[in-house]
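Note that chain A is present in both complexes that follow, paired respectively with chain B and with chain C.
This part shows the complex of A and B:
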């Protein structure tokens, strides 16, 4: 409502302002002296001067634009000194008309912009900057200013700015703004064309823009216009619905890949040894901290490679956490295999220790990560769905981890040993598999996978000593649901829990999603106590 | 089961507890009375000891580790807090903070009747029995046990914590409930009230100890140990272990709820942090340090760990986690039966010590 009202108000304003300028813009040569005189005049004259400036920015010759550009800025900053002979630009001490150096005569008066004129001048200044400023950031800022008042933008300004624009992102933004301006144009045919163009890229913003037109006077008066608006609204709504569905799927997939990364190490360890590693969350956290350390190291040693720290940290994160896992297994868990509940407490002690150690060494604040170009931004697909690269990174990373883990477990002698020990420890020992060594290596593998999960998380989540706690219970649920020690079960359970979470969240909130998922898991275990994919073997 | 002699540790412990309670009651008001801080600390420790017994009953004697006992503790605590707030409101017309935060004019409908303690107690018992009964039934029926059960109980308490952190549930949200002024018509916060609460907690502890000792010494207790040591064999012999496990589980939950009801008036606040998985894990640590499968051990473990925690959390809070994790590793690796391993050579010969000295029949899941 508010938006529509202000749009109408602006449209009215635009009518008042734009009706005068075209006549002036047609005048090929700019009356420079007259313009300066108006700038020094009363509020009405200054308003006309402002409109002339805006029109010059849109349609004036290059020389005229270069000449007029400083005037708008000077008027806004009150750096224009009016005296008897005309005006002086205080910056540089130049005559406003001839641009030759001269001092002001008498006491120059700096005209004050009225509240009504100020936006007109700011618009003019932004219009000059958009077409003339060499710095893209300045042009982007100017565009922001113009976006606030699309109805006041002079005709052809945006088309010309877009033609000259070299920055692709900025050019696109200018085009979008041009459409908005066209939606508010005076000619109904141009408006209908603009509506069609806006509907080609459905998004919530487009919908707001189009639905605001339903309150436009033309909507009642002009049936063609009404039909165009209605068709565009329907088309955009369909696009948004598709986009939202895709976005939910995508978010669910990225959440699932995080869950999978956190759970796969747990699943391997649990399947093999019946040990739930409560320190897995802390190993994830350490993986993220190692990634950060690699980033800091690169910053100090090889700043040129800084962007690649996420890739370079992969082996480091894996090896460090795997080493911690192996040390943990050899010193502590080795003695507790017959007592899984005690190993639960022992790993909790380790988790407590690691978390507090990191807290003491690094502090409790969130770590700052660079955002490399390959996880920045995204591709808008349809509606409000943006295919963001940081989530894609997590998904691709999880897929790669899945492939490698699968290959390791299914295609290598080490994997064969893991599977043999998982299925029947005693029999595997009988045929000469060194079960203790397999345990140790597998524990290292599971821990290393947790480290990789920490790495994959670091571009998306906040990294602090407590971060492991947020994932560990979800990861357990994945293991319990998926069944012990199966990769396929972990994948399916992670996908399922991830999607259900994302589906429920918008309806009832994140807490309800967790509650419902837990209740569903408990109910599911009634049906299949061994999880989705139970390993064939003796029930231990 | 072995007979209880006059010098057996449990008799000594119960005697000591009653002695302390009587001394505190007798000395109240005189110059020899304990400081308010100390009396309050003793009362809280007694509540924690009751909580530890509840877990020992199910873990030490039945081999089922629950990492979610904080849920029942919090249930008792929250319902007690509801009684206290409603009761204080009836007498002094103080509006609880959380109602003001939420901008609510009146208590939500489910607070009706909580000004009557018997009603609050009845609700606490019924809700605890319902939650523990349903959860226990579905878990034990599908023979979820061992590590699986531990993990699912942990998830349960975690989810409950998330739920209670919400502000719109009518249970105080993340600030919890505090500002209790009146208990059974008496003003709270006086030294008399603090001593009375501590004495009451000690007496409840003595009763719970006595009751549990009777239970584990009975024929039912023998069945519990048999279930712990070899459930399959017991089932093969025709015993229904589902009902047995369910009864002990619900009883354990009730005792934990009782501990929560004792705890809340003494600390004067309840918030969702009692539902954090860490607290529930810590209960298991008290029991493990004291010695699983010994009621005396659970009490001593809870008292010892919490006394050190009370002392350290004011003296050096940052080293407490390191000490705790060190203690756990020590207990797990060197003294599998906790302090009982150290103590039994000197004066303790707890029942079933020979069997317990070996591993506590924990089977793989």
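This part shows the complex of A and C:
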């Protein structure tokens, strides 16, 4: 009896499949009310609803797709209000099933996607967007989402999307993804092509997928398949090796740029006047706060320019911190030049004062920064190397700062004065260089550079009143190692410390890396107490 | 430079001698501490400066708020509560020093304080020696049971393990591989030791996890996030990150994690010390779905939570508190519970003497803002709390993904470590 019924069912299904036009190849029409009910159910029911949505995106009729697309988005955004009679799409206040306007009864509950269901819904949403979004950029973004999980893409979705795609470039990308997804297809030629496609983007994940194929029966049976797998493995491994090397270099460079930014201002102040400025870290912090204030100001005055606050804040951050530096020099430090220990204590007091002043005025919480597009996310380059924009911003910023500082010190009369005073203060005074003014201006320059450091670091680190303390030790390490008062020394020391840190960290951990770097610096200074690049000539 | 002239020195020492010799002649505000009718003092040990300031600082105000609430109802045993605040400056030995000062000089009846376990461990010998009471409002590594500490928040068995179980289960993500990243001190190391023991007991091989530690205040997570990606891409099942870094390392880690393009659906992060306040400066749209686990989340349902949130918002506004009035985190609620639990015990005992108050712990219950009725037994100084698993949303908060049916009985000593 049971057997007969299922046989009948099968026959019916086969008949339906044969007879139905391709657009209606689904075994049954979408149960709209049932789907909405599942969307409001427990985690298991929501998972089933997600799968139904993804399947609808691939194989549903046009009306069903148009109907279901907002549901996936609403579930992700928690904009679906479940009440006793079903659910309401909160955007527009429409009933989820009938799409007629109605208000929710009682207090609607917005179901939360579990971690397991979230990728299913995101995939469904992307699938709808790939086939239905009018904006090509939105379709390209959807394709990117699908690429993350090639194994979950519903069958035939990509074929249908490619058929309907009008943008030639995007169509090609879809085809590529479709070929990649054929890794476990039945056709050996399609599989070999898929292996080649996967190997084009080498990464550890790709390697895991390809090396799993070595256990496939086809690997033993089919020599062509075997050759393709071996070639792909070799190619991916090479890609990973290059990527890892680039990543280490990039990480080292990025850390070096941070160290350099923190240290360059100090190098000038310490090099010129021999003043150990312990408030340098707080000037960095103030630079970050000024950047934040510029952002808030733009938000109020010119919201259109908000994305560019990091650029617009450059002169402001520099001038404000430079002014603080000049004021500090004029009011406090110039009385203490003959007493280095006192100037150290005085700058420490200033550092505590600035920190607590900011704490009282702004509070201790982390400041909230807009993240403009040019410091968000990253691009995968090769292997597992991702080029992150916020780090790139810091590196570019450091390079620019270096170039400008170098030009200022080497190519301008002011720089000439600074160098003269650094080399021999008394002789410089004798030949008529106003050393007092040079001191003040140089202190301002060093402080202003600290302010720029704060600006460059704000997209990377949390900005709060204590942030400056993190940098002062590292900055001194760089300055002392580089040789007091030389820009080249600061650059080389920052690059060296950054790179060594990044090399040690994966081997022995971050804690050991800090200790080892410190030991290395101590050992080096035993050998060369002047640092890497000692200023030649007589000092004081 | 302050210079003591002989005259002023003599004056000062003379005053001090008079003060020491005749306590009865001391001015009224000094006598208050000893008098039976004056306010009873409570001490706070939360940093207002240093790396923990952003988190610990707000707890001072919550303790004050709870004390005000109790005072408004007539105080305890006929006396009002006076809250004293210190600043141990995120410097661990300073916590012990401040505790000693509060106990010996100010004669406080109970201490409320510490965030990191390392600070609790430094205060522990002080409170044991002085036979005082410390209410500790953080969830922690367990493996400690002093009669002088009230562990108001949960040990791992009733916070971390349910969350890890959830991740490993069908409803979660069937996690198979674990990257443990922590700050280098006792809490992360003990938690990770217990987790490893737990996984071993489940027959999970050692190759399925990796452990890394960073110094306090560490913020350059580029290389570590690279390592996490490499670990995840090795295959072998769903990877998760068990994050036990503390303080400002949390937002810095999450920012780098998102910037390298990793989403919660790729590698979820279970941030054991992550609270709403850590997300304050972040763009959370790319962090949606990462998890934390606490005994309270701001989105908890119920009138007790509504009342608490209203009170806090009102208190922040009225007293110009330098913290957000719209953010409420678990340790705040636990500190709030602490004051009430202490007041109830003192009222039950009819005394402020530590031995009497301790005896009154058994059978105390309190309607916590989390919606659970938290309770204490006479067995130990732990408090039974509910468990929440939160999921980061795009509004810098946590949605409740899962919560326990009741309050599991706290287990002080873990069988797994």
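Just so it is clear, the second predicted complex is superposed on the first by the 351 of 540 C-alpha atoms of A that agree within 3 Å, B and C clash if a C-alpha of one lies under 4 Å from a C-alpha of the other, contacts with A are read in each partner's own complex, and residues count from 1 in each chain.
The rule is short, and it goes like this: a contact is a pair of C-beta atoms (placed from the backbone, for glycine too) under 8 Å apart; a residue touches a chain by one contact, two chains touch by 3 or more.
As the structure is a prediction and not an experimental result, all values here were calculated from the model.
Superposition note: with chain A as the common reference, chain B and chain C are in steric clash. Among chain B and chain C, the chain that touches a larger number of residues in chain A is C. In the superposition on chain A, A:99 contacts neither chain B nor chain C.
In the superposed model, A:251 makes contact with chain C only, not with chain B. After overlaying the two complexes on the shared chain, residue contacts for A:336 are found with chain B alone; chain C is out of touch.
In the superposition on chain A, contact of A:350 is made with chain B only, not with chain C.
Contacts of A:511 after superposition: both chain B and chain C are touched.
For the superposition on chain A, the stretches of chain B under consideration are 27-35, 63-71, 81-89 or 99-107; the one running into chain C is 99-107. Overlap of the chain B and chain C interfaces on chain A comprises residues 355-356, 360, 511, 514.
Partner chain B is touched in their complex by these residues of chain A: 270, 274-276, 332, 335-336, 338-346, 348-350, 352-353, 355-356, 360, 473, 476-477, 480, 511, 514-515, 518, 521-523, 525-526, 529, 540.
Across the interface of their complex, chain A is touched by residues 59, 65, 67, 135, 138-139, 141-144, 146-148, 150-152, 154-156, 158-159, 162-163, 165-166, 277, 281, 284-285, 288, 318, 321-322, 324-326, 328-329, 332-333, 336, 359-360, 362, 364-365 of chain B.
Interface of chain C with chain A (complex): residues 48-51, 53-54, 57, 167, 170-174, 184, 212-215, 217-220, 222-224, 226-227, 229-230, 233-235, 248, 251-252, 255-256, 258-261, 263-266, 268, 277, 280-283, 286, 289, 291, 322-324, 391, 393, 399-401.
Within the complex, the chain A residues that touch chain C are 43, 78, 112-116, 118-119, 122, 148, 203-205, 207-208, 212, 247, 251, 254-255, 258, 355-356, 359-360, 363-369, 371, 376-378, 380, 384, 386, 388-391, 460-467, 469-470, 502, 505-506, 509-511, 514.
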